[in-house]
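In order of appearance the chains are A, B and C, and numbering begins at 1 in each one.
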Amino acid sequence: MQSEVMFAGFGGQGILMSGKVLAHAAMEEGHEVLWMPSYGPEMRGGTAYCLVMISDRLIGSPVVRNPSHLVAMNRPSLEKFAPLIKPAGVVLINSSLIAIDAGREDLDVIKIPVTAIAKELGNVRAANIVALGAFVERSKIVGFDTLRHCVHEEFVNKKNFLSLNMNALEEGKKAAEMLPKK
Amino acid sequence: MGKTYQKPEALSDQHTHYCPGCTHGVIHRLIAEIIDELDIRGRCVGVAPVGCAVLAYNYFVFDFQEAAHGRAPAVATGIKRVRPDLFVFTYQGDGDLASIGMGEIIHAANRGEKFTSIFVNNAIYGMTGGQMAPTTMPGQHTTTSPFGRDVEDVGMPLKMAELLAALQTPAYITRQAVIKPKYIVKAKKAIKKAFTYQLEKRCFSFVELISTCPTNWAMTPNESVKWAEDTLLSYYELGEYKTPESLSGGANAK
Amino acid sequence: MGKKVLMKGNEAIGEAAIRAGCLNYFAYPITPQSEVAEYLSHRMPEVGGVFLQAESEVAVAYMIYGAAGAGARVFTTSSSPGISLMSEGLSYIAGAQLPAVFVNIVRGGPGLGGILPSQGDYFQATKGGGHGDYHLLVMAPESVQEAADMMMRAFPLAEKYRNPVIILGDGLIGQMMEPVEFHDHLRTDPVNNNHWATNGMQFRNSSKPNIVKSLFLDPDELNENNLILKAKYERMKKEDILFEPYNMDGPYQKLIVSYGTMSRVCKTAIDNLKVKGIEVGMIRPQTLFPFPETAVFEAAAKESCKAVISIELSMGQMVEDVQRCVQGLRPVHWYGECGGNVPTPEKVMDVVTSL
């Protein structure tokens, strides 16, 4: 069994980091993982994305045509990647910044205003962790306690941001819980 | 009666391949004498250039590495960084150091690498057969400047001591000559000072030595000494351009 | 055994060198491998090692020469255009018989090319790059874990042969993160080099100077030196070829030869085809020089095998070695892309089934 999660957005939205935290959590749970960033010229101010692969056996190809899930933090990312996602995949839309739909009926689309939630928590930079919390709550791709542990590890040496991001994770979870079940 | 003059231990018994009247032999001897005097032969590593001195390691009795053309300061950096307890010097000519190796010498000097560069300036490429060097004098005839160096075409000769002295990093930069005994006595003092700065882990040290190349200048040894004294020394002024005690280089430090 | 940590390939390469017992690093920044230098700029001081950012890749190669010549374990990392600049030095290092480890996180070329994954430096790594009769021992990892392991094995190999070893990765190996475990049992001590290194006569209680050089003006001496080098390359072919056979037990009709990142894509393609009842075998060279000549020949000679294909992120470089090894026994094909797009498993499946 293998799933792939695409995180995509603007450079500076913490895309690479939320992917890394998810990969870390999956590794902690004993899975094989692979995290692949976009490192082309687009990383400088343009769109950024990373792909996290989680598998119960050695991962072969690091490139996939159709990822299982998508976390879209901005509109260009949704437009670019939504058509590629496998049927039944979770697609998180950052509705604070994206006014359109995924344009498909066969996906589990969740719209969460992650940027607005982060703003309420006091720092828009935590939007990536809000999204991560909501995505994991919906997809159950890793256990939430493992995720909490990994977010904590990520920020434990950045004291000013630790509680902000721990709160962001819980707020993301809550937002996903309030949505209708699949 | 004891010996009053003998070959330094740091010099080997091999006859050199240098031409009659060439000053490399004098410089080799000065280096060997100082290495004996400072008792550093057992921890000394020389770095040979590409040029007439490419076989220098045959004439010394201590460890040596042979660098590619111009790269001796990078090789010396590698040695000194991993083995700061070794004593390291490069021995380079003007084509090697001032032309193809300009990048390496500037950056090694600017980093303040704790080795010494001995720079032999005879205003011409020797080993390759008398081509124009960056230090060739205006109007000087060489096999690639048959009508004399045209400064409108290829610029003025490079003054390496002045150029390196302009760097802000502390260093010992001096220009001496080895064309007559009176200059040789001073040159030896300068080399010893340069080596001592290295041993004291003070700074990068650089000794430019105005030399002769009778073969490629197409002169007798006596003529070449006269030409060097008249022509080279009036353009390449001798003196200390920078010491680690002086903060900036230039004429004030001289 | 250590603990698994999630690391970028570039950082794992730097850490693996330290774990291998190499505390000397000289480098110049270039995408997509600059993270190695960034990582080691703080790690080397922590472990009391040497870190120096040089003025150019040309200078780096000679800093490696000097340090290796003085008897130290030393390595550098770069990417394609940087390796071109170091190739002059690589020739001198091979000629002077110095052990050192180089890493090339390959990007697309020629010229400035691109910064995305490529295997376009196969010829440069395996056939020369610099001037003269020499070879590098070339290792090609397919994962972050294998890159770390190869780094640790590279130092004793370089010392065994007194010859440079190069790890040929690609942008993906450098940039992706995977769990990696540093195998401390691979750590080795540098071999005694008192008989050749310029480490100071007094430190080895010798009155005989050591000379590190590659100049042999006497034709017989130069010939003799080149014969010594040749003997080493022949010994590498006997003792240090590494390859992984993949799905080689079945009655495969097609044989893939592929290495590095591209071979991982091929593995997924082979697995997918197997589900459909199509058997495809693969030889994955882990050393590109020495090349697994016999393994490729024998795999191609298997009765069921009808065709061989070299799949690489280049315009067809390794395919020349595959053709050489197959000796005309089977048709040898090539498929590849080299702009930076890594083909998907679906594309590889299409290519292989259409042979």
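What we mean here is this: contacts are C-beta pairs under 8 Å (C-beta built on N, C-alpha and C of every residue); 3 or more make two chains touch, one makes a residue touch a chain.
Keep in mind that this is a model prediction, so the values were computed, not measured.
Farthest chain from chain A, judged by C-alpha centroids: B.
The most centrally placed chain, judged by C-alpha centroids, is C. More contacting C-beta pairs link the chains of B-C than the other of the two pairs A-C and B-C. Chain centres here are Cα averages; for chain A and chain B they lie 62 Å apart. Each chain gets one centre point, the mean of its Cα atoms, and the points for chain A and chain C are 35 Å apart.
In this assembly, the C-alpha centroid of chain B lies 39 Å from the C-alpha centroid of chain C.
The multi-chain contact residues of chain A, meaning those touching 2 or more other chains, do not exist; every residue touches at most one other chain.
Residue positions of chain B with contacts to 2 or more other chains are absent.
Those residues of chain C lying in contact with chain A across their complex are 4, 6, 31-32, 115-116, 171-172, 175-179, 261, 264-265, 267-269, 271, 340, 342-346.
For chain B in complex with chain C, the residues that touch the partner chain are 41-45, 47-48, 54-55, 57, 60-68, 71, 74-83, 85-86, 103-104, 106-107. Those residues of chain A lying in contact with chain C across their complex are 20, 23-24, 27, 32-37, 39-41, 59-65. Residues of chain C touching chain B in their complex: 24, 26, 50, 52, 54-56, 58-72, 74, 88-89, 92, 96, 198-203, 209-215.
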